[in-house]
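As written, the chains take the letters A, B, C and D, and residue 1 is the first residue of each chain.
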Amino acid sequence: SSGPVAAATRAMDELLRRAVPQTPAYELREKTPAPAEGQCADFVSFYDGLAEVGQRAELLGRLAQGFGVDHGQVAEQSAGVLQLRQQPREPAVLLQAEDRLRYALVPRYRGLFHHISKLDGGVRFLVQLRADLLEAQALKLVEGPHVREMNGVLKGMLSEWFSSGFLNLERVTWHSPCEVLQKVSESEAVHPVKNWMDMKRRVGPYRRCYFFSHCSTPGEPLIVLHVALTNDISNNIQAIVKEYPPSETEEKNRITAAIFYSISLAQQGLQGVELGTFLIKRVVKELQKEFPHLGVFSSLSPIPGFTKWLLGLLTTQAKEQGRNELFTDSEYKEITEVTGSPVHETLKGFLSSGEWMKSEKLVQALQTPLMRLCAWYLYGEKHRGYALNPVANFHLQNGAVMWRINWLADSSLKGLTSSCGLMVNYRYYLEETAPNSIAYLGSKNIKASEQILSLVAQFQKNSKL
Amino acid sequence: SSGPVAAATRAMDELLRRAVPQTPAYELREKTPAPAEGQCADFVSFYDGLAEVGQRAELLGRLAQGFGVDHGQVAEQSAGVLQLRQQPREPAVLLQAEDRLRYALVPRYRGLFHHISKLDGGVRFLVQLRADLLEAQALKLVEGPHVREMNGVLKGMLSEWFSSGFLNLERVTWHSPCEVLQKVSESEAVHPVKNWMDMKRRVGPYRRCYFFSHCSTPGEPLIVLHVALTNDISNNIQAIVKEYPPSETEEKNRITAAIFYSISLAQQGLQGVELGTFLIKRVVKELQKEFPHLGVFSSLSPIPGFTKWLLGLLTTQAKEQGRNELFTDSEYKEITEVTGSPVHETLKGFLSSGEWMKSEKLVQALQTPLMRLCAWYLYGEKHRGYALNPVANFHLQNGAVMWRINWLADSSLKGLTSSCGLMVNYRYYLEETAPNSIAYLGSKNIKASEQILSLVAQFQKNSKL
Amino acid sequence: SSGPVAAATRAMDELLRRAVPQTPAYELREKTPAPAEGQCADFVSFYDGLAEVGQRAELLGRLAQGFGVDHGQVAEQSAGVLQLRQQPREPAVLLQAEDRLRYALVPRYRGLFHHISKLDGGVRFLVQLRADLLEAQALKLVEGPHVREMNGVLKGMLSEWFSSGFLNLERVTWHSPCEVLQKVSESEAVHPVKNWMDMKRRVGPYRRCYFFSHCSTPGEPLIVLHVALTNDISNNIQAIVKEYPPSETEEKNRITAAIFYSISLAQQGLQGVELGTFLIKRVVKELQKEFPHLGVFSSLSPIPGFTKWLLGLLTTQAKEQGRNELFTDSEYKEITEVTGSPVHETLKGFLSSGEWMKSEKLVQALQTPLMRLCAWYLYGEKHRGYALNPVANFHLQNGAVMWRINWLADSSLKGLTSSCGLMVNYRYYLEETAPNSIAYLGSKNIKASEQILSLVAQFQKNSKL
Amino acid sequence: SSGPVAAATRAMDELLRRAVPQTPAYELREKTPAPAEGQCADFVSFYDGLAEVGQRAELLGRLAQGFGVDHGQVAEQSAGVLQLRQQPREPAVLLQAEDRLRYALVPRYRGLFHHISKLDGGVRFLVQLRADLLEAQALKLVEGPHVREMNGVLKGMLSEWFSSGFLNLERVTWHSPCEVLQKVSESEAVHPVKNWMDMKRRVGPYRRCYFFSHCSTPGEPLIVLHVALTNDISNNIQAIVKEYPPSETEEKNRITAAIFYSISLAQQGLQGVELGTFLIKRVVKELQKEFPHLGVFSSLSPIPGFTKWLLGLLTTQAKEQGRNELFTDSEYKEITEVTGSPVHETLKGFLSSGEWMKSEKLVQALQTPLMRLCAWYLYGEKHRGYALNPVANFHLQNGAVMWRINWLADSSLKGLTSSCGLMVNYRYYLEETAPNSIAYLGSKNIKASEQILSLVAQFQKNSKL
């Protein structure tokens, strides 16, 4: 074939042939010198030169497909191991056969990644490469088992490098470099930072902001956690995130509760690398050191997806006119008084735009059913047996308890359109997080408070899903 | 069985059963919570409590033997892979079968090491554990393929963690913490540091001392390199290591050569992890930045084992009285004039004690034959095809040239008893190290200077080994 | 007397009596213990508790008036010295008499300031106190020779403490603490910082921002200098101060000129303490180190007061209708075409509001006369023989040359209303600054470029002031 | 005159003429540019080039003599002030006359020092210069009132610069730079540091070592304080200063007392600048912060001069044979049993050499009288009404109580030959140091413990001095 596309793919193939190191024979694996620095650096600069995500996806797909495991080798070594199983000899022989097999199972591109990791800035490059790969997969630009395998290999390598032993906990204050505050600000995905005063508030009195950095790149946030220091478990975000500076100085003895109100990954290439759980644990220890009498730990969490899930239900209901399986009759009536008919359609409009907040009556009418529905969404909706909602799943895995759903807790447009203004607290009883975590991961058992369980019961009684 | 030994081994078995995490089923490998922190910490404190190297060896042996790979699983998964080879299905199936096989090939103790690495100080603990393991192997306290495999697994893990991307180059000066200078001083294995003035000299003008630290433990030397900055290639160590402070200040433009006169591993648990080669490369870059006109790079290296090798030859000769295959007749005669008969026995005494240096005549008589023999020892004696002498092997692997053997180059007792006072320069021609390294590692071809080759030729002509 | 005011002044008098230390007798001056820490701390907290500038002024006035020099003592010791002049004795006697006199001349409040300086934060307090004193003098809240003397004593003490030997030069970058960037931003008096992007630009590529801090309070700006790195002498500020980030990275070899475009005192209490001159000198050295080929140094300076001076002239002209001593006839005619009559009054309105910029015709008509008038304002208008314009006086004292007046150089509202949009370059020829400075300070001789001198000549020919 | 000496003094005079800046006329004092940097730098390099202390003394003497106050000016301005006293005019006139007089009283060399202080390293140079001046005065190389005056001026300037507000407290640990540990070690004058292990001990567990540095030269010790952390008031130095490392780790709750066992000035040029008192105060605060329950603060101090004082007494006694006014009859008899006759002469020998320690009997016989005599020496011997012993005077000025004399408290040769092995504790009762200090400095009243007072009473009863 010809044309610029063909030329581009030819260039890619040529680059890969040149840049991906040969896997040495098993016997020579320790005596083989590292490939010339330039060889792997070539890959890096070629890749960096690809401006479009599509081109990068193409290259990564070719790498995954063409430079993986040598299946023939694997089969041959497998046969060797099986034979020894049938005709046993001394252990050394079996162990070496297994080692040969293990060696054969290492995909060739792993060598490329390994050598890149040794370059200046190499690990950072690989984090970016994996971010691209994840994006390309999300955009369906590249697919298939080879790519998934390569993603798994990369994630495994990153997990070794970003092991908690190599992570530094850093605190952000107004004395931190502007560079850092800008990055923290930009990576804040839960409650976007509005301006510098908002940011100054989030690192000022009664607030803490921590991040993990890798020890090789201090000052570079990987994942960020925001905490509010209060005297009770916050039930709304407006009391925490503000755009004017506080007048007060912090009084240690007024602080009894720590509220994790935002946790955001700053490097998308580290998705799936266990950072958030460790960060919360480390911050808890740090706070206990600073405030010896601090006793209450809880999140104040968003419920992404709730509005969407609810709109889906309404759509279904709307299709079958006259059906009403979400609300009680009196609720239905109350709502209709505001919306008129058709209820479901109108309600969908109100909810998706957040306009319902403007009608005091509607707000009142919706409180009971929405709380109930939300409890079910969080507690009852599952994916492979675990909580469907990713935030819930994260905190439950960490061993937290689903503690309280809060009404009118986030009245920002984002809060309204993604979770009808509701937020939820996941509470960390420190003594119980370990057994809770095991119970959730093992038996898929969600530990929840009275409030949640009661709302779920109401749902089961009143909603006919 | 009974008695304290039995009790001790029972305690070990019990500890291992409790502390080594179960390997989760393949399907659950991502959904399994980390073992409780205490579980792996138990292993650490139990191990630290074992005071004797023998006990530690015993525990490590049991760990290697009892918690390795499940051979049945490996066989089963191998069979699965082989079957797919014969009855091909879509790639995803094969890739998953291979991944299951890969998973089965991971020894169970790897999970223990992995979780320990996440503890505070965990990686440092594993470095110490491997140091113990190497010592126990050297002392034959523990043996066998399982232990060798575990050592390999540990080395692999350490190689990931101590990857050059995570190493910081630190320079030692008189402004460095005393802690660091004490560690550098204690880890100096080549030319032991005599006192603080000696140390102050080694970090003063016309000297450089660098080390690699891991980014998670800055200030903690892993491997140390000492450099002298001169205007020619030093031919003896006395001119470099001195016990009085220099009077001069450093003049940049008098510096044209950098002599690496000592490289020592400070953490024995990192043996085999490629640090030395990287350290030399990084230091070369650092020096080039500081001294743009620096052009000559060379080691001034010891020749450990030369005296021992020579004494071995003399012993053989001594057994067959009258034979003289090492010296020419005139050399033999000259030596006899000093030693009397039996020449070989007396000479052995002289050489092993370093006493020969006291006889000017003997010094003169031995220069020619010892230079020749040493050249052969370095150039001609091999182990699996590579240089027998480990220092030679290290520099040749790095791509250096065997450049010059120096007479009376180390007149310390250590220098005399280990290498008859001889030292050797391995010279680094920066443009040629890469091809030299490949040539040596591939074709086992040693690149040497005229002087060396001429001495080797003399040996081949005059010595009848 | 009675009432709250009387109570307040009684409280002041009592505080002063208690807090200002007694001056020990000359003989005991070295054997007198420092006053209790609390004594001077009392003054500090009392003063800090005074919220209004008027109250502070009152207290400072009373301190100056009531706790100065003991004139009787001074007279007595003066007499002693004079007597020795008439009846000479050995030198020791005269020297001691002079020392007693010197001691008597120290105002008592100096002891208070001295002891405050030793408290934690004491020096910072005194800087603030002097800032208040200067403000109070400017507002005429307090007057008289005693206050002027106290101001002089304070300035002398601050000059010792803020000696250039104790000042650290710090560079501001985007990696500096936000705290620092906020302070730098707030203290920028010449070209106010509009937002964070503007600030980021001022510390980004092709810009430098430096400040002096005292070594006891690192990170706290005392005086700030902004520099643009260019390849010619900038003739307008719009090219330097921008609100969007630059796309380029800095190329060292494109930089040939350094333009000081803003210098601002960040601590008003340090007025008159020679900081600016030292800062420019240190920054020049710093830049020469970073850019060895940098050859051109110049300011791009505002001309505060020019508009005001010009409006004053126009007012005078306006009073005597029909007079026109500022413009040539053709200029006058051209201007009238836009303004109509009465010219001077209308023009005043245009100039004071900056509205003239909107008329292309007027802009054209005014260029020649305004340039000429500005040259005269800078070069010809004097105060005690030195340049009336304070910025001119500062740079001329430093030894700079009045180099170029620039038309439409600052089109901001501030630029228009304070200097009709004109700016001026003072150029630093490094070899000549020392003699220039001496010539200016000694003979009051202003060194100026051809352009300036030619404009001044035009003024003298065309304007009939 | 001619010859090299004359040439040298001519060179000095010429240098001084050139380098010492003219004092500007009073009217121009603020408008006079600083002298060219080179001018004062000339003085610095000329001075540094003088290798011998005698030459430096000569130069300093000439500077003091020839560049002091203009006595004519002083007399003239004094007359002006006196005249205003007789013919009063408005205050401004008197204040200005006084200011002119004040200005006239500033010695010309002060300008030189002032400008030197602004050079890089200038303040450090002046500290060294004053150290030289003090040494030269001690060696009688230079004398007279002018030199004393210059010394006073320098001390005054240094006191402003080394004000406690500009001093940083730094702690020395084994992690401090070797440079710092070497300096601390070398400046230790009380109990000289024997080797690095001794030093490591002094910065290890149960020990603290602090120093003041100036904020402009961090890491450079000015004055050093060593503290032992114990559970009682140490009665000997052997328990504190040891040459082997401690095995223990520090347990906070075992620490109840802080013993200041050494304070040494590291920069002799700062003699008389009040540093020691401030250092003790700051360290007390620091220790209270670290150990909230620490309650006891005391010195363990040497008694320099005691042996010398005692030998003087013995000499007097020896001259008048048969007299015995120091010992009781039974003491005298006991001593004679060991020494034989003549007692006083023999005893002098024993005491001056420290040999008496070898005779158990003599040790026993001397304990009572030496304790008594030492108490009198410390408590009763005065200089201008204050304690003669300088260490006693220092601690009493600080407000400490003379608390306990300790027998066999320093058995080192230095301890024996300077204070017969005795040491003394000065105890700091924090609440009482301020009134004690005032009482001592004012009424010369020494506060002492029961033990001391009782020993003094015994002295007064038994010794007939």
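We adopt the following convention: contacts are C-beta pairs under 8 Å (C-beta built on N, C-alpha and C of every residue); 3 or more make two chains touch, one makes a residue touch a chain.
Keep in mind the model is a prediction, meaning the values are calculated, not measured.
If you take subunit A and subunit C together, no chain is in touch with both.
Centroid analysis (C-alpha atoms only) places D farthest from subunit A.
Centre to centre, using the average C-alpha position, subunit B and subunit D are separated by 55 Å. Between the CA-based centres of subunit B and subunit C the separation comes to 65 Å, rounded to the whole angstrom.
Our note on geometry: subunit A versus subunit B, Cα centroid distance of 43 Å, whole angstroms. In subunit C, no residue reaches two or more other chains under the touch definition. Under the contact rule defined at the top, the touching pairs of chains are A-B, A-C, B-D, C-D. In the complex of the two chains, the subunit C residues touching subunit D come out as 31-33, 36, 69, 71, 74-75, 78-79, 81-82, 85, 91-92, 94-96, 98-99, 101-102, 105, 117-120, 122-123, 144-146, 149, 152, 157, 160-161, 163-166, 168, 214-216, 397, 434, 437-438, 441.
For subunit B in complex with subunit D, the touching residues are 174-179, 181-182, 196, 200.
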